[in-house]
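Input: structures, listed below.
Across the two complexes that follow, chain A remains constant while its partner is chain B and subsequently chain C.
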Partner chain A sequence: MLRKLNLVFEELFIFIALLLLVMFFGVMAENFFTAGTLTAILTQLPALTVVTIGMTLVLISGGIDLSVGSVVALSAGVIGIAFTVFELPLIIAAALGIVAGGCAGLVNGVLGSYFRLPVFIVTLGMLEAGRGLAYMVTDSQTVYIGASIQSLSLPISGIGLSPSFLVSLGLVVLAQYALTRTVFGRYLIAIGTNEQAAKISGIRTEPYLTWVLVISGLLAGLGGLMNAAYLGASDPNAALGLELSAIAAAVIGGTSLMGGRGSIVGAFIGVLIISVLQNGLAQLGVSEPVKRVITGLVIILAVLLDRWRSR
Partner chain B sequence: MTARIATEGLDKSFATPVLKQVALQISPGSIHGLVGENGAGKSTLVNIISGLLPPDSGSIALDGRSYSPASRKAALVAGIALASQELSLIDTLSVAENILLASFPQKALGINRHAVRQRARALMDLVGLEHLSPQTPLAQLSLAEKQLVELAKALSMPEETTRLLILDEPTSALTSPQANLLHQIIKQRSAAGLSVIYVSHRLDDVLSVCDTVSVLRDGVIQLTAACTSLTSNDLIRAMSREELLRHSDDKPRAFGEVRLTVEQLSSTDFPEPISLHCHRGEILGIAGLSGAGRSELLHAIYGLSAERQGRVVLHAAGPDTVIDSASTAANNGIALIAEDRKSQGIFSGKSVSLNTTIAGLGKLGGALSTILPKREQRVSEELIAQLRVKCEGPLQTIDELSGGNQQKLLVARWLQAKSDVWLLDEPTRGVDVGSKLAIHNQLRQLRDQGATILIASSELEELTALCDRILVLSNKKAVATYDRGQWSKEMLLEAAFSNYQGPRAAAG
Partner chain C sequence: MTTMKNVLSAAILLLLAACGSEDTTNSSTVDGGDATRPRVALVMKSLANEFFVNMANGAEAHQAANSDQYELLVNGIRNESDLAQQVSLVDQMISSGVQAIVIAPADSKALVPALARAVAAGIVVINIDNRLEPEVLAEYELRIPFIGPSNREGAKLVGDYALQDLDSGSEVAILEGIPSAFNSIQRRTGFEDAVAQAGMKVVTLQSGDWDQTKAAQLTSAILSQFPELDVILAANDNMALGAASAVGLAALDHKVTIAGFDNITAIHPLIESGAVVATVDQFGDQLAIFGIEYALEVVANGTVLQDRETPLELITAASLQAN
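Take a look at the complex of A and B:
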């Protein structure tokens, strides 16, 4: 019974941290509890959420995906060009963008697991190459797409939540289910905990380590769509450094950089903490440099707390 | 004459006593051989003298003065040089840096590089590494060359302050001319007054190079005598303990059909092909000294080795299955319980339940199959009860369990995966006596239910108690197979030592 509580406790812990943060800003900033803040948070959130889902899965498998920010920009670029220059229907353009992300993930995965190159290096290369491709696709220009794509990030009347947000929320639930209740998720945890023992247990590690990077690529592709929807345009400079925010959110949510341990729900709360922090600090009139210092401290604090908690 | 080194009543226990009242005396200028089978206590004794382990009780005197080194460093200062079997070298440093790591020539600011090269050069020429540059990175060297570097490192201490040189299996990777050179060097040094402890499986070497030899068995010195009066058979007899070998069930039992065939299997770890087969309801033991290739053989059968050649075939009622990878092995009923439980067995930090069910998940049918937590817990609760694992329940973290109970869970893991061919590497190493008996009984029960079992063990008593046949490996080669009732410990040991004697490979 105690142990069961402990499992719930893992996510409960950071959820309480999130609530405290919200209460803090509620008291300190006069306008925090307004529709404006909520909209700001909800529109920025989906892209980071889906990218963080992929990142968390990769981290749990013992790897890392540094390329996600660039892949978001690449996917957004592909969507913008397919829609405006080639005049393809938006749905086809969106699919192409997501597939482009999947392809980047496939390259990462194959090089990482079948060619046994360190994933850190491979995805670092993809971070550079993906950004370059995004510039090439868009000719280094921001491509305006317009209102048709923006509807994805606008609230649906009656619900008050955007399609992007609903999709990202659905993916959180799906990924948490896949992680905790399917053989796929179990194998990722096993491989991330002890790859050699996983092999001896009969798990073919290569396909799983490839798939997890493909999934991360596909989700980054989807993140590109959400980013383009939020901006109404494809910006080749979009999502610079997003990989670091995603890693930070995952770590705040209790994911271990050593592999084998993590939670999607936790990572989602991590995303919320980062968003609330950024918006709350902005409302308090904190300058950008100070905001970054505080965010950095929060990440370190989260890891310290996690260390203390797991003792 | 005062002994160079004299131990008195040395005791050391880990889980069980390893050394019992060891009294050893070595004269100045003597080359003293130390032999015994696996686990006899040789390494422990050597580690105590070289300052790596403290004894539980007893005393050591060095040239008549009390000597109790607090660390390896203290032993070095006292003049005890060691060339270890587990080479103490660093791959990323150069040969010269490795040789002089403990005693870098200093100058006013930092290391005197010129002196390093010069002194390393002299030592390398001495041990037969003339062909290498001192700046060569160690990683580029062959195992034999590394062994010579380890030796040069041990010889790097100034001759006048070195009082005892300990060589632990110094020739295991060397060719004949290299070993001869080594023997020449230590004979010269001993003539100049250096004492040497020479630990080796190669009994012929020991008899030819040493003047005195001691035989350890179960942590007790059985025999200390001048080498001139002994043959290698005398040594083997002193190492073995005949009386424990007879068992009530020494009659050969009936087996089922052949379940596993290994044809001409070889890998980088054992280049000479090995063939074997094992029936349903049979336990085949794999014996051999440490480093003989026992684990490597099991890993190759399971499909894990690099550059694996030959065929491993599983026979069943249906078509045969060729085992070409660990996943084919695991998913067709083969279980491997590796020697190193921590790095190759358990999933550390995870629950008992995850650790129990992981190998059986492949049978659920695909990566997207659902795991039902309630059912998973019920399955592992049943196995916990069946194997009498002492734990709080399926959700306890496996690290909190004792070694014996972790080992039982690994057995449970493969029971759950419905394995019927078991490859077990040192299945009872480091577990308590109670768990050991429980594991033995479990294996007998599996055997009676028709399982095919291969056990590699360094404990001959374990193999003779459990096995129907024993295959003996010696120096990476299969040398003999004995049926139950036809073996004696002496025969098994003789076979285990056999391929270390005879002529070695030519220089290469």
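Take a look at the complex of A and C:
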């Protein structure tokens, strides 16, 4: 009971940071408190959200997945080509993209756990290879897909939320449940806290460490679908550096880079902070250098706030 | 079993390392062979970018058709801002003894010292794509001709077309590329020229880093801030695509006129549907060829070095239909 209270409190803190940020932009930018702004933010964040869920799980297990940005581009490319060149039904094209992401994750996972290669290096390799494959698949060209795929990003009439957003929200809930209420989640935390101790107490760590990277790959594949839906096109240069945004969102949300500690809900609030920041700064129209400085400062401040709380 | 694993891991690491190093130079020789023909080195920016891929493909096709005239070495760098790598490529080309270097510099200043070494070694150097800074060239007392289109004029051309039928009180947003890039500055200036001439107002100027997703996110934010926005001028087609998808998602009650630059294939459906009104073709696949032809001319006859402007064409729904 005490532990549960503590968790709520943890996320409350970062939630307050989000509210402060929203209030700041509300005062500074004249049209920030509008339905348009809210829609804009909710439409653009599903891809980062699902990728961040995967990243958070991997970080909790004590690993890292640097390949997610490239895998997003690869999946988007596979979807675009499958749909426009091979003229497969959208649902099959989408499935192929997600499976491509899962395969990348499987390679990461097997090399990282069964072959004992450092996950940092394996996923760094996949960051390179995945981006290369994305260029190969698309022939380095942006593939125009059109309105059929964009319906995933368009608000459903009556609810005002897009299918992409609803799916990502559902996955946040599901992943938080899996992390806190299932054996899989408990073992991930145990392995992330101390892998050696987890082994001694009888957990076979390899399957868990493989699965968590497969999940991250599948989610990055889904992120590719969401990115393509958002753009109505597959961009082989999409999601450059997305891995860093996902890591930032996870850490802002209280996930430890050392493993063993983290929260999916917190990471989602981290994603909201990053999206609100991007949107608010664009509305203020500040110059590019200033944008970058402010983004950096907010990330650092958010983590500082988190550390201060945990004392 | 453990040895097996070790061997396999070593093999994979080696493979990764090999991929890494191959990627970084990205080199291909088209037709090696006899020494009587001049050897021309084409030094490109990122060969992962559609624009430069087309440029390189155009050059290779040209060489294949004129293989009795010259030999071609195509090299690209890994990412567009990796200056150090491009400098070392130039040095490698100098030591490999080519007669001419045709270069799309990753930076308009930083490449000059390396190119000065090439000129000192008696190599003909031709500048394409991104113009070298005249002041820096003057500092090194170099004359390196620039063969290419005027990005500023191209942007003015497409800007004029996009703005021509609009009310003079229209609100315009400009999406520029990476703010420090010469092309981006030229295109932005061309857009600003067109807006000023039409007597309109730029309500916001922001950088979409040439990136589609980033441009889409920026556009949704801009539309919340300026709900009456009429025009978006994007410094490349990828950003125009991003802007168009954001405008589509925003479901506005008025039309937003969008224009792009580069004429990539993916923009055509949007021009046909009217979501984007126009773009500019600077014949990217021909740019390297113009440079190579000029280099061969200089090698053969020692022509006086002069800048040359290459053609630009406005692409609209009408011109797409005509083809």
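A few remarks follow.
To be clear about the criterion, the second predicted complex is superposed on the first by the 306 of 311 C-alpha atoms of A that agree within 3 Å, B and C clash if a C-alpha of one lies under 4 Å from a C-alpha of the other, contacts with A are read in each partner's own complex, and residues count from 1 in each chain.
Note that in this section a contact is a pair of C-beta atoms (placed from the backbone, for glycine too) under 8 Å apart; a residue touches a chain by one contact, two chains touch by 3 or more.
All values derive from a computational prediction rather than experimental measurement.
In this overlay on chain A, chain B fits alongside chain C without clashing. Judged by the touch definition given at the top, the superposed model places A:Leu117 against chain C, while chain B stays out of reach.
Contacts of A:Arg307 after superposition: neither chain B nor chain C is touched. Residue by residue along chain A, chain B and chain C are tallied for touches, and C comes out ahead. Of the two partner chains placed by the overlay, only chain B lies in contact with A:Arg181; chain C stays clear of it. Contacts of A:Arg261 after superposition on the shared chain: chain B is touched, whereas chain C is not. Judged by the touch definition given at the top, the superposed model places A:Glu288 against chain C, while chain B stays out of reach. When both complexes are overlaid on chain A, the residue A:Arg204 reaches chain B alone and has no touch with chain C. Of note, the Cα-centre angle with chain A at its vertex and chain B and chain C at its ends comes out at 120 degrees, rounded to the nearest 10.
Superposition on chain A places chain B within reach of chain C only down to 9 Å, the least C-alpha distance between them.
Common to the chain B-facing and chain C-facing surfaces of chain A is no residue whatsoever. Interface residues of chain A, counted against chain B in their complex, comprise 3-4, 178, 181-184, 186-187, 189-190, 193-194, 196-204, 208, 211, 260-261. Note for the complex: chain A touches chain C at residues 29-32, 34, 36-37, 39-40, 43-44, 111, 115-117, 125, 128-129, 131-132, 135, 139-144, 146-147, 150, 153-154, 227, 230-233, 235-240, 278-280, 282-283, 285, 287-288.
Partner chain A is touched in their complex by these residues of chain C: 5, 8-9, 12-13, 16, 19-20, 23, 48-50, 53, 179, 204-207, 211-213, 216-218, 220-227, 237-238, 241-242, 244-246, 248-251, 264-270. Those residues of chain B whose C-beta lies close enough to touch chain A in the complex are 302, 304, 325-327, 329-331, 336, 338, 343-350, 354, 358-359, 361-362, 364, 366-373, 393, 395-396, 413, 417.
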